[in-house]
Amino acid sequence: MFRNNYDNDSVTFSPQGRIFQVEYASEAVKQGSVVVGIVSKTHAVLVALKRNAEELSSYQKKIIAIDEHLGLSLAGLASDARVLSNFMKQQSLSSRLTYGRAIPLERLVSAIGDRAQTNTQHYGKRPYGVGLLVAGVDETGPHLFEFQPSGMTQEMIACAIGARSQMARTYLERNLEKFADSSKEELVIHGLRALKESLAQDKELTVENCSVGVVGVRAEGMKTIEGFRLYDGQDVKQWVDLVADGTEEGGAGETMEVDT
Amino acid sequence: MNHLPQAWGRPRDDYYGAYDASYFQSNGPNQHTQQPIVTGTSVVALKFKDGVVIAADNLASYGSLARFTDVKRLRTFADTSVVGFGGDVSDMQYLDRLLNSLDTEEAYTSSGHTLNARNLHIYLSKVLYKRRSDFNPLWNQVLVAGLDEEKKPFLASADLLGTTFSAPSLATGFGAHLAQPLLRKVAPDEEAAATLSKEQALEAVKESMKVLFYRDARSMDKYSIAVVTKEGIDLKENEKLENQSWAFADQIRGYGTQVN
Amino acid sequence: MAAMFSQNPLMNGPNYSFNQAPVTAAGNKEHAFNPYTDNGGSTLAISGSDFAILAGDTRSTSGYNINTRYSPKVFKIGGTTSTQDDATLVLSVVGFAADGEALKERLDAIVKMYRYQHGKPMSVKACAQRLSTILYGKRFFPYYVHAILGGLDEEGRGAIYSYDPVGSYEREQCRAAGAAASLIMPFLDNQVNFKNQYIPGSGVGHELQEREKIPLPRNEVEDLVKDAFDSAVERHIEVGDGLQMLIITKDGIEEKYLPLKKD
């Protein structure tokens, strides 16, 4: 039987120039439930689908507040995300301590990107098995960043990662032009609609399985920010009700693209 | 001439006797600064309606010797802030290099994020406090002038112990005794400072520099002065004290040969 | 004679409440770097049945100089935002301002991390214990400050904890610290704990009955704080300029600022 000889560690390239361990880590991201992020001129939102391992268990945590001005949502290994979010918390506290400044998003995301990259270049290390969407505001306005186990980070206008996220991405691509001028509420609704696209046949969005994170700017500059806020349970009812079946504005049609 | 490199640059044995090479030992305990050597005297600064005026003379003294007469003790940072240094000149030059590397680092990592005067002051105070806690102080008192995150005038002090404070007017060294009363008369509180025009502030600071030159024996009549506003920094490094009047001199009684 | 013209006021003339020149056992002047100074000022805390007040003047001094007229000594601790709007604890520090600032920031970071990891604010009791450990951790190079921590305990009563620079601590009804502590504390003993107050005509000697102790209402405590500082300002040169009060109640932390004499 065929056996792949190039996936024992993350320091060996395959003859095709691939590092399998990194690719497998990316697969772990696709096992996680879907999370969506969208950014407008004033706000950045995260919307996540929570799973419960079994009927009797609680729902997993999908969105983590890091600092006043930013938070993240995760898809993949939650424990790896905890390591990263603790590191990010430390970094943002340290920036506030040494400069009295909220850490610029780009810098924080690069920092975890660098960390993740070292895991792909040292023998005996394991890449992080988690993808992140980091949403926040800084002096240059609201931002959304995507992070992958390979160490890749990039700024996004809208993004979805996790299981069946292609459907959500398709929705986001269709509505791309609307995001920039959307209000916070509209952004959340778009996020939930995108999430809904990715739902399995028999599932629907409920107050139990939805998490929403919102952060924004009230006016120019950092002094008047709308700090990162996490909405769970009954707090998301206001939005979940709006995207319930039958209230569709015809976003998803018959020409739906399929995950390849 | 003795051709051994070890002897280069040393006093000749035949003239001065054997050189005590123990002074050049690099082993043994590390010596920490116990006192300043070459020093700069006062720095004075005053807030006004839309910025800050800061000044310091161009003299570096070696004890009572006016050793260097063209030392610039104001330095700009990122075209937004000015730092004025009092105290040890070599430590000032060290801090100057430190700020240069900080500036470069900031400019490299991401665009759109600059450290404002408040950020800079917090950073400097942390450096100074760290060094005092290591019993290896940087023998300076610095004033940081500029604008804060809301583009409002910012002025604060940090010293070799890491002590920090902020006020509408500040002066280090001799200036704390001689200039501060003059400046406080012009700007007793923040409200008063917020009504001052640039011209009024400049006049008060220049008057303070003159009084300091009259009464501080370690001062000089050539000085640097900077105005920081939203429009940028206007730094002049070769100003001469104007309108000096020594008419008061022969009125002074009580010391020297003339006792009454 | 040389001392007469010395710029060090310690050697001649009136003295500060603190000693600035480090002196060896033999009485020789030491020239080593002294990492400490005293920035003057005073703080005061009183707890009530459902509130706690921490107050401090806002003057910062170096010797006879006033550094600034507004340098707060009382801080909210452990909020999740930069404005500390949702903080539940208050820390006051007086003594060496740089150490005070460092202590405040360290405690704040720890309480913030606690809140992040546990998803709830730290109790004042836990924070009090933690602060003691922090201070004792620098037992041989102490934070040169008198700290007071305030909040509401598990029963919702006002709680005040006071500290010495190396971490000894105690929960108290009230405490004054800093330059004018010796002026304010006896006043508090009398006015808050009713020391030396007896019921008139209750007898003589051992027959004397003490005045009944009752928790003071908030408005009376606020007045006491103002009176205490107005009096301290009259008699202590390092106290003045402004009075900052943080009042902790179940509804949050209220801040009040009142001017003091600036002379």
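Here are a few things to note about the model shown:
Each chain carries a letter (A, B and C) given by its place in the written order, and its residues are counted from 1.
The working rule: contacts are C-beta pairs under 8 Å (C-beta built on N, C-alpha and C of every residue); 3 or more make two chains touch, one makes a residue touch a chain.
Since the model is a prediction, treat every value here as computed from it, not as a measurement.
A complete topology is adopted by the chain contact network, contact being made between every pair of chains.
The interface with the greater count of contacting C-beta pairs, when A-B is set against B-C, is B-C.
Mean C-alpha position of chain A lies 46 Å from that of chain C. Taking each chain's centre as the mean of its C-alpha atoms, chain A lies 48 Å from chain B. Rounded to a whole number, the gap between the C-alpha centres of chain B and chain C is 33 angstrom. The multi-chain contact residues of chain A, meaning those touching 2 or more other chains, are 97.
By the touch rule above, chain A contacts chain C in their complex via residues 65, 68, 89, 93, 96-97, 102, 227.
Contact residues of chain C toward chain A in the complex are 80-82, 105, 109, 112-113, 116. The touching residues of chain B, when paired with chain A in their complex, are 109-110, 112-113, 115, 118-119, 122-123, 126, 149-150. For chain C in complex with chain B, the residues that touch the partner chain are 31-33, 35-37, 39, 60, 62, 65, 67-71, 96-98, 101-102, 141. Residues 97-101, 104, 106-107, 110, 138-140, 221-223 of chain A touch chain B in their complex.
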